[in-house]
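Please go over the structures that come below.
Note that subunit A is present in both complexes that follow, paired respectively with subunit B and with subunit C.
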Partner chain A sequence: MTSSPGGIGARTLRLLRHPVLRRLAQAFFVAFLLMVFAFLLIRLIPGDPAMILLGDEATEEDVIAYRKLLGIDGSIPSQFGRYVANLVRGDFGVSIRSREPVLSIVGKRLPVSLWLTVTTIVMTIGLALPLGVAAALYRRTWFGHAFQIGASVMVATPVFFSGLLLILLFAVQVNLAPIAGYHAGFPANLYYLWLPALTINFVLVPVLSRILQSSIVETSSEEFVEAAIIRGTQGWRFYWRYLLRPSLAPTIAALGYFAATVVSYAVIIEIIFNLPGLGMTLVDAVRNRDYPLVQGIVFLSGLLVVGLTFMADLVNGWLDPRAKIR
Partner chain B sequence: MTAGSPSIAPAGRLRQVELRRHWRQLNAESRWGVVILALILLLSVSVPLLSPNDPYGFVDQPLQPPSAAFFFGTDHLGRDLLVRVFAAARLDIALAILGVSVPIVIGTFIGTLAGTTRNRIAETVWDGLVNALTAFPEIILVLGIVAMVGADIRGLLIAIWISRWAQYARIARAKSLALRDAEFVQAAQVLGYSQLRILVRHIMPNVFSEALAYALSDFIFIIVIIGGLSFLGLGVTPPTPEWGAMLAEGRLYLRTEPWLILFPGFFLSLTAIGVALLARGLERISKGEDE
Partner chain C sequence: MIDAANLSLDRRQAVGIVGESGSGKTMLCRALIGTLPRHGAKIVSGTVRFDGQDLAGAPERVWRGIRGREIGYIPQSSLAGLNPVLTVETQLVESIAAVGSMSRQQAREEAVALIERVQIPRAEQVLKARSHELSGGMRQRVMIAAAIAQGPKLLIADEPTTALDVTIQREILNLITQLRQELNMALILVSHDLAVIEEVCDEVMVMYAGASVEAGPVAALSKAPRHPYTRALRVSRVDRAAPGRDLEAIPGDAASVGSWPAGCRFWPRCGLADEACRRDSQPALMPAGEQLSACIHAERMAEMEQ
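Up next, the complex of A and B:
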């Protein structure tokens, strides 16, 4: 620090430089840019969106009314001002198709997507953790090699193919899951969700367990592990405290990073398994050129990922004292 | 070239020697990758050329299982699946190459520009911009752009170009940050070369190798996006043969005629595996591991 402002000033300054706050400020800045991008999205359409939607036969009044509905009347700065003011009030516009507020559509469809995401992540942790540890401990045996090959093949298989393969296996050959569809309600919905979640994990688990494996291998050569062995630390305490916990940070960070990937793949998965979530809504909106709905979903999903990444960063800092948030 | 001169090998021979030298430098992983990709490329060119059947045309009774006459069977419209799978290979690989090549150039240029500037505000805005763009779930961003530009091949490519450059810019920026104080850059500055010339002729070539390494893994991602959007009916649309679109069509016959998805899906995955093997192999070589 160059100058030292005395008293409360210095404390506030130090607080402001707190890494968590800095990350938070960064997250807000990113969220702001997401908003700008979502705003631009509809305005970058070549031609007049109202004309595209209405066709050539539209009357002057219809076009004007549509421009108003889309929020693209008036100058760009005034449009942006209105857009921001509306967002702050929670108004994301109205779907062109159903004339329903975008936010209420999202509110209806979001739970399915969230359930899918949560089921996926629980499954990811349940599968990647033991696999990664096993792959690290037995990396020089046949298991390690099989793991490497299997992981490479699984990562390279697109979800829309592995999903169909899993349906073929679990829903057509053995009757363990429905081919498609969804019913709400907690324990019952898992019957419809486990196969879609497994499909996403077909890509996710190999990547994450590989990251975990290599960071466990790295940790095991650290001095504090050696010291723990010399001190005679054994059993669970040794594995958790000295091997697993310090190795988890990169995996958690990656999980945060892959939040975007999960949300991404969920779109395709929802179509394959006919789950009435946000992804299916988005694809329908794209097909119908329902611009406000597309805009709203793109913005909100970006926001969701920013939030998840931020949370992953926090957990990361707690898990591994070495990985202080930058 | 003087033909028949004993001291100078003919051009064809020279190229052969060159190729063999490259081949010897590869490790097992990258060799497998090359073999798989070469096989798929060869088949994708030769099968549609040599087969008498047209990928768009009706040839025989629909939904026939694989047989000696039709190795992959026929699809729901009575078209030869073998020809369609490899016609699709040609299209998918060409589209993926197109999809990778534009972002790598644009991204590297922008990233190098950002890496060599010393303006602090520009740096902050830059960080936010790249973070924002990469915060969007990839497929959702691509879908958003496709919704605006149009759900066809052109829209798909534009969406990929807009959404993928940021990764390259990130790599290029990190690398050029390290390079901007390098001696050869200082030398070029002393010589009085323009900022743009230093950027394009001196820094970018050094940044490019790293971007190319990333491009291989990006290729996999882009081929999955092309297939994925076409699977959703928002990219390449039927009747054009494309792997994702074929999977979407074949999905309706999953229960009774699973080969309709097995063949296109298998070759799509195999292509991705080939590229992945090549990428991993080359990465290991550049790190100086094994062999």
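Up next, the complex of A and C:
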């Protein structure tokens, strides 16, 4: 017998070596590191959840007893061991403050953040793509110069400032959006989300459209572009196949990365716009030293980030064989 | 910059343009295909006539009907001439489909025929490949296929063999010659190698520093050059070198735009140069023997050879 029954066959082995699977394994490794960091970092912050909860008058014995109750007694390695063991079983623990399971809190808050992320990214693509292309094609005209200046100003404006300006303009002056708040359910939630998304895009769109602009400019000096003109290629075919598509890779990679940063922008944005998403929950959890909740949110939103970058890589490999995962 | 070049050819004729790097060969070809503006240049004076139509300064719309359809072009660095993100098929089919209403299936079959026509084996496989999966010779063949896809009347090949190794060079030259006969195309072949042009062309134009310095039948120029630069090009050819002796090089560097000398632009590198060469401006082409020469000492060259 050459291969043991029930063992890993040659085909399975080949499948396991598939580049996409390897990349996926990398993603899982990153997720694991993320979990470790989330666990350690929150414990580096001074302050003890038991002492915070019990207040100033608690005795030493009370604090020790309460720590045991919360499951944060013992050495750091033993706590970590317990944490990982629970995590493997899908148990993210219970919030120290509200005694509610972490998963159920995240389950309630995550959709808001996800919706914010999706709305933002759709808006980013819708704005950055035409802007980047136009900025590349008309870079020597007044539009190109205006774009450069405008982009610099927008990138340099902090989101809490541009957010307030946008609220003042669209919510107070023109009344096209609520000042703050949220109601679940698509498509009604878009009414609450478009302004926060626009605020984040004040930073994302200028950066991404400039990345796109410079790669299109770079592509346009490639030999194959002139070769296509000389062959008589024209119209949308020329623009899409010879200018845009070969230029997309850096932009999509950056988009994957920025989609991830939306999660952290969301912290500020959710406070400004009073959106009940993960960001606000996270800030509260850190303030209360709610270890399980912080760990859960950082780990799960980290997974989201890892997933988004992985997706960006896949899309890139499909659009541009040079960027294919190997 | 080119300020004195005259090139004309009949249907089915093959004309060569030869000269060192920077002599204006590629610029001249770009003018013939109307893509000078991309290089920040334009035609200030002169005409580009094709089939009786004057194309110099013609609007982009007119050029679009010419490029690919009437004039096929194999660009100089055509190893980078294929879009890396598209398959060969996509690029060929798009050239073919530009001709007229043709179904996808028809265009595909046509693409297979084109690939076979440029003598690439396993056409189906090559069609599915992208640029980086092909060898230099194959890429060049694909570029040729794309250039002839719409059945042009004129094929311009700008140094089609420069980036290739010697054995492939021969194959590509043979292929171009063969296609030219099969498809009844006129040919403009650009090269810095006189030997290549002698092999393929009937007529030749020698360019130096933006001006044509000698033009005429290939046989005449190679037998009895009437311009010192043409002679120097011949003498510096590797295949004519005497064994055991150093290769003869043309002294000095090619004059580049902005540093053209006063007088005849070749005089600093010329053995025949005298006071008149340094003083008078770049001479125009004048009949000399069977060809035209832009050298005031053309007669003296003829005497010297006897």
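Rule of thumb we're sticking to: the second predicted complex is superposed on the first by the 271 of 326 C-alpha atoms of A that agree within 3 Å, B and C clash if a C-alpha of one lies under 4 Å from a C-alpha of the other, contacts with A are read in each partner's own complex, and residues count from 1 in each chain.
The rule is simple: a contact is a pair of C-beta atoms (placed from the backbone, for glycine too) under 8 Å apart; a residue touches a chain by one contact, two chains touch by 3 or more.
Predicted model only: the values in this text are computed from it and were never measured.
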Combined model on subunit A: subunit C and subunit B, fit or clash: fit
Partner chain in contact with A:H18 - subunit B first, subunit C second, else both or neither: neither
Subunit A residues touched by each partner, larger count belonging to subunit B or subunit C: B
First (subunit B), second (subunit C), both or neither touched by A:L282: first
Partner chain in contact with A:K68 - subunit B first, subunit C second, else both or neither: neither
Geometry of the superposed three-chain model: angle at subunit A (Cα centres of subunit B and subunit C, steps of 10 degrees): 90
First (subunit B), second (subunit C), both or neither touched by A:R241: second
First, second, both or neither for A:V153, with subunit B first and subunit C second: first
A:H145 touches, of subunit B and subunit C: first, second, both or neither? neither
First (subunit B), second (subunit C), both or neither touched by A:L165: first
Overlay on chain A, subunit C to subunit B nearest C-alpha distance, Å: 19
Subunit A residues contacted in one complex by subunit B, in the other by subunit C: none
Subunit C to subunit A touching residues, read off their complex: 33, 35, 38, 64, 67-69, 73, 75, 77-78, 80-86, 90-91, 94-95, 98, 130-132, 143, 146-147, 149-150
Footprint of subunit B on subunit A - complex, ascending: 26, 29-30, 32-34, 37, 41-42, 44-46, 152-153, 155-161, 164-165, 167-168, 172, 179, 260-261, 263-265, 267-268, 271-272, 282-283, 285-287, 289, 291, 294-295, 297-298, 301-302, 305-306, 309
Residues of subunit A touching subunit C in the complex: 222-224, 226-234, 237, 241-242, 245-246, 319-322
Subunit A-facing residues of subunit B, complex: 127-129, 131-141, 143-149, 151, 220, 224, 227-228, 231-234, 244, 247-248, 251, 254-255, 258, 261, 265, 268-269, 272-273, 275-277, 280
